[in-house]
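Following are the structures in question.
Shared between the two complexes below is chain A, which pairs with chain B and chain C, respectively.
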Partner chain A sequence: MSSPAAAAPITAQAFKSDYKPIWCPGCGDYSVLSSFTKAFAKLQLLPQDVAVVSGIGCSSRIPAYTTCYGFHGVHGRSLAAAAGLKLARPDLTVVVASGDGDGYSIGGNHFLHACRRNVDLTYVVMDNHVYGMTKGQPSPTTEPDWDSKLSPGGTGLRTFNPLVIALAAGANFVARAFAGDPNGTADLIAEAISTPGFSFVEILSPCITFRPEQREWKQMVRPAAVTYTNDAARAARRIMTDDGMNIGVLYKGERKPYQPPIGKGKKNPSDLETEFAL
Partner chain B sequence: MSTKKSVKKATKKPVKKAVKRPVKKTVRKTAAAPAPKRAAAKSVPVASNAEFMAHAYAMEAEAAERYAEFADSMEVHNNLEVAELFRKLARIEQIHADQILDQMGWKHSPLSSVNVRWEGMEGPETADPTELHYLMQPYHALQIALLNEKRARDFFANLAKVTKDPGVRKGALEMEEDEAEHVRLIEEWLKRTPKPDANWHADQDPPVLSD
Partner chain C sequence: MSKPKEKTKESISIAITGSGGAGVMTAGTLLLEVAAQAGWYGLMVRSSGPQIRGGEAAALMRFSKSPVECLDDRFDVLIGIDWQNIHRFADEIPLDATSVMIGDPDQSEPPEVFVKRGAHYAPLPFKQMAKSLPGSWPNMIALGVAAGLAGLPVDSIKAVLQKSLKKGGGEKMAANIAAAEAGYAFAEGVPSVPRLSGKLAAGKEARWLITGNQAAGYGAVRGGVRFCAAYPITPATEVLEWLAPALPKIGGALVQAEDELASINMIVGSSYGGVPSVTATAGPGLSLMTEAIGLAVAAEVPIVVIDVMRGGPSTGIPAKSEQSDVNIAVNGLHGDAPRIVVAPNSIADCVSATQWAVYLAEAMQSPAIVLSDQYFGQTRAVVDPPADIGLVTERLKPAAGENGYLRYAITKSGISPMAIPGNPGTAYTADGLEHNERGLPSSQSGDHIKQLDKRAKKLDQFDYGARWADIEGEGDLAVVTFGSCTGAAREALARAAADGIKGRLVSLRLLAPSRPAQMAKALAGAKRVLVVEQNHTGQLYRYLRAEYDLPGTTRSFRHPGPLPMRPDEIHQQITEWSRS
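Presenting the complex of A and B:
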C-alpha cells in the first residue's frame, strides 16, 4: 500500500460527469461506465488527456457520462472518427465505445480495417447480443435460435465471432470481460490502453430488458484457464473452441502501431487550395 | 503510521456503530423480486490492521457508489420513492466509509479503490445491479440491502476465523457485530414496509412490447 500521507490520487469520481446515465435499471453498461472511470484512475490519466468516442446505441451514450473529451458520432463510424483523432493528436488517449450492433453490423467494415491499420486505440464493445435501443432486434452476435416477437423461431443465422475476426484482421490486443466484474474489467481496459496498437476489449454486458436470461451470465463466466499467447493462430483456436464465457486477456501481439509522423508534409490551406485548382 | 497505533485504532469500538439505519416511514412489501442468493465473498487475505481497514473502507465506499448509481437510475425512471431510499442507503454507507478514514487518521485510503480486489467479482457489500426493476418498490430495495448486510456480516465472520493476526481478528469481530446489527435494523424496517402486491411490475405500456 502507498503511504497515506502521499498526495491524493486521481479518483474514478474525477472522470464522472454530472449527467445521470439513461439506461434501463440493471443494464450492464452502468458497470462498464464504472470500469472506464476506474481504468482511467488506475492509469492516473487526466480527463483532458482522454477522448471517448462512440457511435450510436445504448453503449454509445458513454461519452456524455465522463468528464473526458467526447464525440458521440455516426452509427458504426466511431472507429473512423477515433482513428482520425488519434493520428492528429497522438498525445491523447483515445478510447472507443460501441455495441454489438453498432460495432459488428453497421460498423463491421470499419472494425476490420481498424484492426488491420493498428492505430493506437482501445476499442471497447459492450456486447449484449441484441439491439436494445431499438427494442430488441437480433444483432450479429444473437444466437440463431433466440426466439422473439421480432425473430419468431430465431434467425437461424450463424453468429459473428468478433474476437476471432479481430485476430484475423490484425488487432494487437484481444480480451474478453464481463460487466458484472467491474474491477476486473477496469484492469483489462487499463491493460488495453497501456498496450500499443489497436486493442480490442469485448465486454459481455447484459441487457436485462430484452435478454433477461443474461442475468445468468454472472454464474457462467470464468477466468480463462490459460494465460494469453502472442501467437494469433493459437489464440484463435482457443477462442473458437471456448464457450464464449472465458474472460481475461486472450492475445497480446507485438505489432508496431500505425502512426505517420506528425508535422512532416503538413501543408497550409493555400497549399491545399493549389491541389484542387482546375 | 506504526502498526501498533493502527492496531489500537482498528480495535476501537465499532466503526459503524454511531450510525443508525434511518427509519423509513412509508413501507410496502414484496417478495416478487427476491434478492438472489449470492455467494458470500470469501475473505481476502489481509496481513495487517491498516490493510484490513483499507479493505473495510473500500467495501463501504463501493457499496455507497453502487447505491448512488441505483438512486440515479431510479430517478431517471421517475421512481422517486425508491430513488430516495437508495440515496439514503448510499449516504449511510459513505458515512461508514468516512468514519473509517477518521478512525485511522487518513485523509484518503492508502489502498486505492481501483486496486482493491475481492475473491468474488465484487465487494461483499456491493449490490447486484441486475436486481433492479424500474417499477420496484421500497420493499424490494430493502431486500437488496438486507442481502448485502448479511453478506458483509458473513465476510467479516469468515475473516475473523481465518486471520492469524489478533488485531485483525478483533477488528473483524467488531465489524461482524456491526453488520449483524444492520441486518437486524433492516429486518425491522422490512416488517414496517408493506409487501407489494403480486402485480407490482404490471405496466400498461411496457418497454419490451415490440409490436
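Presenting the complex of A and C:
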C-alpha cells in the first residue's frame, strides 16, 4: 500500500466506468460524459463523494457511465430526487443530468422550483432540441417548423428559453456550453459545482441521429463577448437578445443556498413524547 | 329530595355542534381533557361542513373508564351552541327517545330531524348567559353542561381551564370558569344521563392525548425516520405539521415540495442517501406517487408513504373518512411490483404500526404504504401510551471497498447489501430500469426473472411475527377487518358474546404481502367469515378472495364513508347470520 501522503492526484479516467454507453456513434453526450469526468478530476473529488442523478432519456444514461454513485430515476423527476439527496446528505457533491424533454417538459415544474429553492446542486441539461430516446419528437426547445411523424409540418409553437426561465425563477448560476468543446464544458461544470446554490448549465449537445443538422453547431457557437453579470435582469436581456450560441458563464449570483440544518438537533425521539403526556 | 337510583352504562356519547366561530372544537378538546383529567378515556371525532373556515362543526365524543376505539351507535347528549346548518349532521348524530338535547331558544328551535327522534329538549340561552358573565364565551357554558351531564367532577373542569386559559389572563380565566360552572349547574336540572360504570384504570397519569396523525408522525420518527418531503393535503396535513417542528429537534428535516411527484421522488433520493424517509398524503397524492413508488420497488430503496384515506374517487369527500384506497395500495403500481402495506387498527396503533412500517421498509429495502384514515388521523383520543415496539433497523450495508460488490446480488433472503453514497469502492447506480446483479441495465429475460423473484422473495420470506394481525376470541364465526373498522367490529363481537354468540376477530395489520399460512391458522375451523370494511365495492373482501382460501362461507359487509362503521350494524349482521 502506498502512503496516503504520497497519494497521486485523481484523474478523469478514474471517473469513467467500464460500462459501454448505448449512445449512437457521434452523439454529443459522449463529450459531455468526458466533461463530467474532467470536471470531477479538476476539482479532485472522490468518486464515492459524488452522486450523479438523472431522469430518463439518452442524456439521462450518464450516471452508470461514471464510477460515482448514480441514481437513474423516473422521467422528469431527477431534480426532485437530487434535492432530496442533497438536503439529506449535504456532504455529497450532487450533479444532475437531464435532457430537454426530461428537464423542460415533463420535469418543467421541478425546474422552476429547483431554481427557486436554490439547493446546492449542479443541473446539467443536454439540450438537443428533440426527444432522442423515443426516436424523434419535438421538445419545448424544438423549432416551430421542425417536421416529425408526431408533428407533421412542425408544432407551430415558439420555443421555450430555459436560461431566462432559470433566471426568473432564481437560479444562482447560469451558463451555456457546447458539447463539441469538452474542455471548455468541463471548466464550466467545475465552476458550476464550485458555485454554491443551484447552478444551471445548458449544454448544446447534438443528436446526430434525429437532428443531423446540429453538426452545424460547431460553426455557429462562439464564446460570449462579455463576462458574466450578477444582475439577473441584465443577464436575461442579453440572453433574450442573443442567438442562443453564446457560450460561457452568463450569470452568477450570491444567493445563499437552501439547506435545513440536518444533523444539528440532538434530542431523542422519546423526548418528543412530553407533548402527548397528560 | 332523594334522587332516583342512577342508571349506569359503559360509555357516554356527547356531540357538541355549532356554526363557525362558535368554538365547538375548542369545547370538545377541552371536554376530552377534562375527562382525561378525571381518569377517563375518550375520543373526539371531528366533523365539519364543506366551508374552508367558519362552517358548521361537530365534535363527536365518546367517554368510558376503559379505552375507547370507536364512536357508539347513538348519542346520549346533543348540545347545539346554535343550530345553523346543524341538520346536515343528522346522519352522523343518531339520537333516540332517551337522548337529551340542549339548545339556545333565543336563536332557534332545534332542527326538525332531531326533534322527531323524540329526544328530550332542554332549552339553555347560551348567548344570554354568556353576556351575563362578561368576558365569557358560550362554548365554555357548553363545556360545563357536557361535563355536568357526563358526571365529570367540577374540579377537573377548573383544573383544565386554569391550564389552558393561562395566557388569556386572570379575568378571562375567571369569567370562563364561571361560565363552565354555570353550565355545569344547569345540567343538574336536566333529566339525567346514565352514569359511567366500571372502575378507573390505574396509572392514569401516564396516558397520552394524541391524534392519529400525530401518532403516525411519531411512529415514523420512532422507527428512525429523519427526513420528510411532502405536499399538503386534507386529511394528512397534520402528520406533516407535527413532523415539521419535530424533525429538526432530532437531527432531521421536513421539506415542503412543489407537488407529490416531487415529494415522493425527494424521499426516494434522501433514502438512497441513507436517511430513512417518509411522506404523508391522501388518495389524490397517492395516485400521483405511484410511478415513483414503483421506482423504489425496482431500485430497492426503502420509503414509507402514509396515506390518510378520505372519500374517493377523485377529490371525493376530502375531510371525511373512507377505507377506499385498499385497491391502489395493494395493486396500484404498474408491472409486478411487490410492496408492503400496513394498516394501523387504532389511534394508538398509528404509532406502532407506522414504526413497524419503517422497520419493514428499512429491513427489506422496499416501499411501505401505511393505510391510515381520516377517522384515525383527525380524531383526538386519550390512550395508554403505545410501548416502543423496539424495532429499528440498521440497513444491510456492504463494507468499505468490498471486493466485487454487487448491489442486487441474489441472496437467500432476497435482501442484498445496499451501499450508501460516501462508502468507498461500492459505488453503483440505483436504477428503475431492470438490471443485473451489479445494477447495470439489462433487458434479458434471465435477469428480469431473477430480479422479479428476488424482490418478491424478500417480502414473502420475511418473518413478520405475530404483528401481521390481531387475532382475538374463538367460535365458528370470524370477522375479518382492518383499520378503523376494528374498534366497531371488536365491540360488535363483545355484544354478540353477551348474547351467547361466540366469534373471533382477525384485524389485519399487514395487508400486503398476504400471509396464507398464518391466515389459515387464524381461521382454522371457522364456518362463516364476515369481511367488514368501509367502502362501496368491498375492496378488502375481493383482495382476500383473491389471495386467500377462506374457509366455510364468506360474506362481505360494507358501506362507503363518510358514515363510520358502527358496532350495532356489525352486531346485527353477526346475529342474523348466526341465526340463519
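Following the convention adopted for this analysis, the second predicted complex is superposed on the first by the 255 of 278 C-alpha atoms of A that agree within 3 Å, B and C clash if a C-alpha of one lies under 4 Å from a C-alpha of the other, contacts with A are read in each partner's own complex, and residues count from 1 in each chain.
Heads up, the rule we're going with is that a residue touches a chain if its C-beta (ideal position, glycine included) is under 8 Å from a C-beta of that chain, and two chains touch if they have at least 3 such contacts.
Here the structure is a predicted model, which means the values were calculated and not measured.
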One more residue to check, A:Lys38. First (chain B), second (chain C), both or neither?
first
(request) Look at A:Ala80 in the shared chain and tell me whether it touches chain B only, chain C only, both, or neither; answer first, second, both or neither. (result) second
### Query
Should A:Lys135 be classified as contacting the first partner (chain B), the second (chain C), both, or neither?
first
- Task: Applying the touch criterion given at the start, work out whether A:Arg255 contacts chain B, chain C, both or neither, answering first, second, both or neither.
- Result: neither
Touch test for A:Arg234: chain B only (first), chain C only (second), both, or neither? neither
Listed in rising order, the residues of chain C that touch chain A in the complex are 33, 36-37, 204-210, 214, 218, 221-222, 226-227, 229, 246-255, 257-259, 261-275, 277, 291-292, 295, 299, 382, 385, 388, 419, 421-433, 439-441
Note: in the complex, chain A contacts chain C through residues 19, 46-49, 51, 53, 63-64, 67-74, 76-77, 80-85, 87-89, 91-92, 109-110, 112-113, 260-273, 276-278
Residue positions on chain A within touch of chain B in the complex are 1-4, 6, 8-9, 11-12, 20-28, 30-31, 34, 38-39, 41-42, 135-136, 148-150, 178, 180-184, 186, 206, 208-210, 215, 218
Chain B residues touching chain A in their complex are 1, 50-51, 54, 65, 69-70, 72-77, 104-118, 121-122, 128-134, 136, 207-208, 210-211
